[in-house]
């Protein structure tokens, strides 16, 4: 089973990287882009065929390690 | 032999950058046709990068010995005695081509490579310096390259905990399509615990450790030996990604392995990876090595022997352990979470024999691969345009009208401007040894447990080298030594990184040969041995070569770290004294480029006896604790040196009032000419007579030219009766222009 | 005093901390490998700077799971002094021993330079030899030192005098310009509610000898020594 | 219009972060996880209602700035 995990900064937390990219896009002439937010994307293979078990595992991974829930939120898909 | 391999065709040989004669030589050595794996192995080992086939005959001329030399060229790095049973191990390397393709990773893996060269010798790296060349910053591409390279160096060096304490950067459009990224590293080792890359002791186990092997960087060595053209984009999959965390583990594991009595020899896998490390270690010991690829840790499935032998995956090492010590070695590697495997053993027959799944896939005499590569005495001859470069009609160039403007132009030109934007991104304080941080003539790093410190600088004025490669190389040696002496250090050793164009062109080969002669003469005169180095040829794109850039990294010793010297003025009321004499040396100057857009003329005159006398005099003044500051005159001449002494101090700025004699010279030459063997010093007035007396004893011209005073830099030029105040500027303005110029240039849209 | 300096894979200021305590201040130092599970016999523990686990994923995120961190938690719970410097601070945040999190520096660059910090609270075991409001010159070297926490926690930190250091100008003014990294409220160092765990981004171990610029960083280590001696005296009585 | 962009390392390119995370997950007891790869995830708003124009813009942004196409590949969705 494959897990695809998105970790992004919570709304309301300043995203300096996003800001910098927005600025860079602007100076490259992409005047249309706004509200750039940057996060992490992770993929991993799970040796687990039971979807609900996999779900629990991935959730734990996120809570414990992959996201810092003080500043970040996460979501995941299993396939 | 393996079956199913492609026949060795002419095309295949050409793709491997081997000539027909070279291929014939391979057949002669083997007594048969090589298979593909063997062809690959020969091609990387016989590439310019690994074999030095065009440079060897010239490099032999360099002075490499001296009473302090513990290890000269030929090993992973050179080593020089600094007393107390210690030695410094240092070397410089280029990563120009990879950095052009991918600036961040190219520069990062360059740092990784030079660090491994140092710690494989048993030395803990304690300082890095970087020497960079880019095209001018008005082009977005050049800005992109510079930002990427600087963050790549920072990313890798900072993570490793090795401070980057200095460097230099020059901007010139000649480097636009061929930037230079040279990194110098210095480590500290016990003299009796230097390790070498040798596979001694038949039967000893050969152990692989570090990262797993992937398909990255295959053919990196041949790429570094090839010119760029518009097809180079196709070669991109050869980019490697650095993993500084693994390198940090590798460093600690190596030093721990070396602390115990476990190893016979060790070598990092740099260019040409497993092939070069195994055949070079075997060849140095006169032995052979048998490798079993089946057990080599791999990152990807399905790798062929060809790929494994040629992979340039980073952060890998090969060690030869003492028989019976395998388990201890493996345990230490595991402690540091590294992949490790016994991959072979030392044999007596001198053959590098490679097995995969029980079959022999390559069998080559190790020495043939490592040392018997082709050697060329390539023809050389000065280019037809050389005279055009040096013949400059100065009468056609107007003397300076507004020296204030010219000074600001110079201070603001990125080559001269403060490099703070760069070195603030480098951790330059970690290891708590940095006594003189970036921003002075040389960086000074103390040696804990002793009173000593080492000073380091990297220097090369490549415009001088273009105009006259022989003089340019001498000038580079002189400037490097002068920078060290200004910090209070005695130069004790040198490493080089010789960046040139295509050696198959006689004019480039001429530049190379002349530069070697120049380095040789200057080093012999100053008795500074060259203990390590690196040659980077083929720095040309679409037929346009870079300026010849023999980059030097010089190391000096300070007996008492407390007495190291910095370049900035210290105190209101101090005397400002010029040591050395000025001539009309405008040729090749930064002033001619920045103000008159000319890169022509003859480089400044240099007399090595005069230069040496200056060094001896200055060192004795610093040791006598007579000075407050010392700064050499280089790019931008005395005006820029004075301005820098006013504004480069980390704490505060100070003004100066100065009068310079003019004699029969042009005014711009007086202010901005780059006459050599000159140093601006400042001192308390009570020491004036002592200093002048000292200078006389050393036959060094010395003149009190002014004093540290106020908050303006005021420079008058002229002789009795006709004195003209040519520079009068607040130090605040000087600082603003000089201090933030790089930020401005890099942030422009 | 016996100081433990924890060595994580990727720590790189461990030797610097060892040097200051041993060679400059004459104390005993024990290097503690991250796999160890006991800190018995130590008077204080330092989590040094560096790039533990390469700072991959997030700074301090992986190091917090090292076996030694369980012991550090117990040690702190028992009132032992714990000082996290730079990466050590980041690890303490990730481990939940201190509140908040680190974001990328506002400039997105790694920054290595001198900063000035104001001692906001001198009544702690880490600042007792300082005066309240004293300005110390201490260098920083980090890419992720932009301290963040939610408004409620911030108010709590302020109310309990848990903000120990703020970035300031040379003459002690806490201004936005004096903040090198975008840190909330110019925060450079905070302690826990109990007062025995301190995290700070600046590197005091880099400025404890005049040859290296200043001795200002010594104040923090000397305070720790004083505190540990007092504790011992109290124990004897 | 919103663009969601994934930037990941090309196959065969070393992913030190993924390697370290995999190792950490393993020592946390998540023995089931393998082949961890880490990439970037970006979101941005586009002032562009024409989908095919938006597509062209986002592609250009990726090529020019958001992805380092020497070592990374990218994909995007518009909604």
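Order of writing sets the chain letters: A, B, C and D. Residues in each chain are counted from 1.
To be clear about the criterion, a residue touches a chain if its C-beta (ideal position, glycine included) is under 8 Å from a C-beta of that chain, and two chains touch if they have at least 3 such contacts.
Since the model is a prediction, treat every value here as computed from it, not as a measurement.
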Checklist entry - Which chain lies the greatest distance away from subunit B when centres are computed from Cα atoms alone? => result A
Checklist entry - Cα centroid separation between subunit A and subunit C, in whole Å? => result 30
Checklist outcome for this item: Expressed in whole Å, how far the mean CA point of subunit B lies from that of subunit C is 36
Item to check | Separation of mean Cα positions, subunit B and subunit A [Å, integer] | outcome: 41
Checklist entry - Touching two or more other chains, which residues of subunit B qualify? => result 243, 245-246, 337
Item to check | Junction residues of subunit C, two or more chains touched | outcome: 53-54, 56-57, 62, 65
Item to check | For subunit D, residues contacting two or more additional chains | outcome: 16, 20-21, 24, 28, 38
Checklist outcome for this item: Every chain pair meeting the touch definition is listed as A-C, A-D, B-C, B-D, C-D
Checklist entry - Given the complex with subunit A, which residues does subunit D contribute to the contact? => result 6-8, 18, 21-22, 24-25, 28, 30, 32-48, 57, 60-61, 64-66
Item to check | Partner subunit D, residues of subunit C touching it in the complex | outcome: 53-54, 56-57, 62, 65
Checklist entry - For subunit D, which residues are in contact with subunit C within the complex? => result 16-17, 20-21, 24, 27-28, 38
Checklist entry - Can you list the subunit A residues touching subunit C in their complex? => result 13-14, 16-17, 20, 65-66, 68, 70-71
Checklist outcome for this item: Listed in rising order, the residues of subunit B that touch subunit D in the complex are 101-102, 104-105, 211, 214-216, 236-237, 239-243, 245-246, 299-300, 313-314, 337
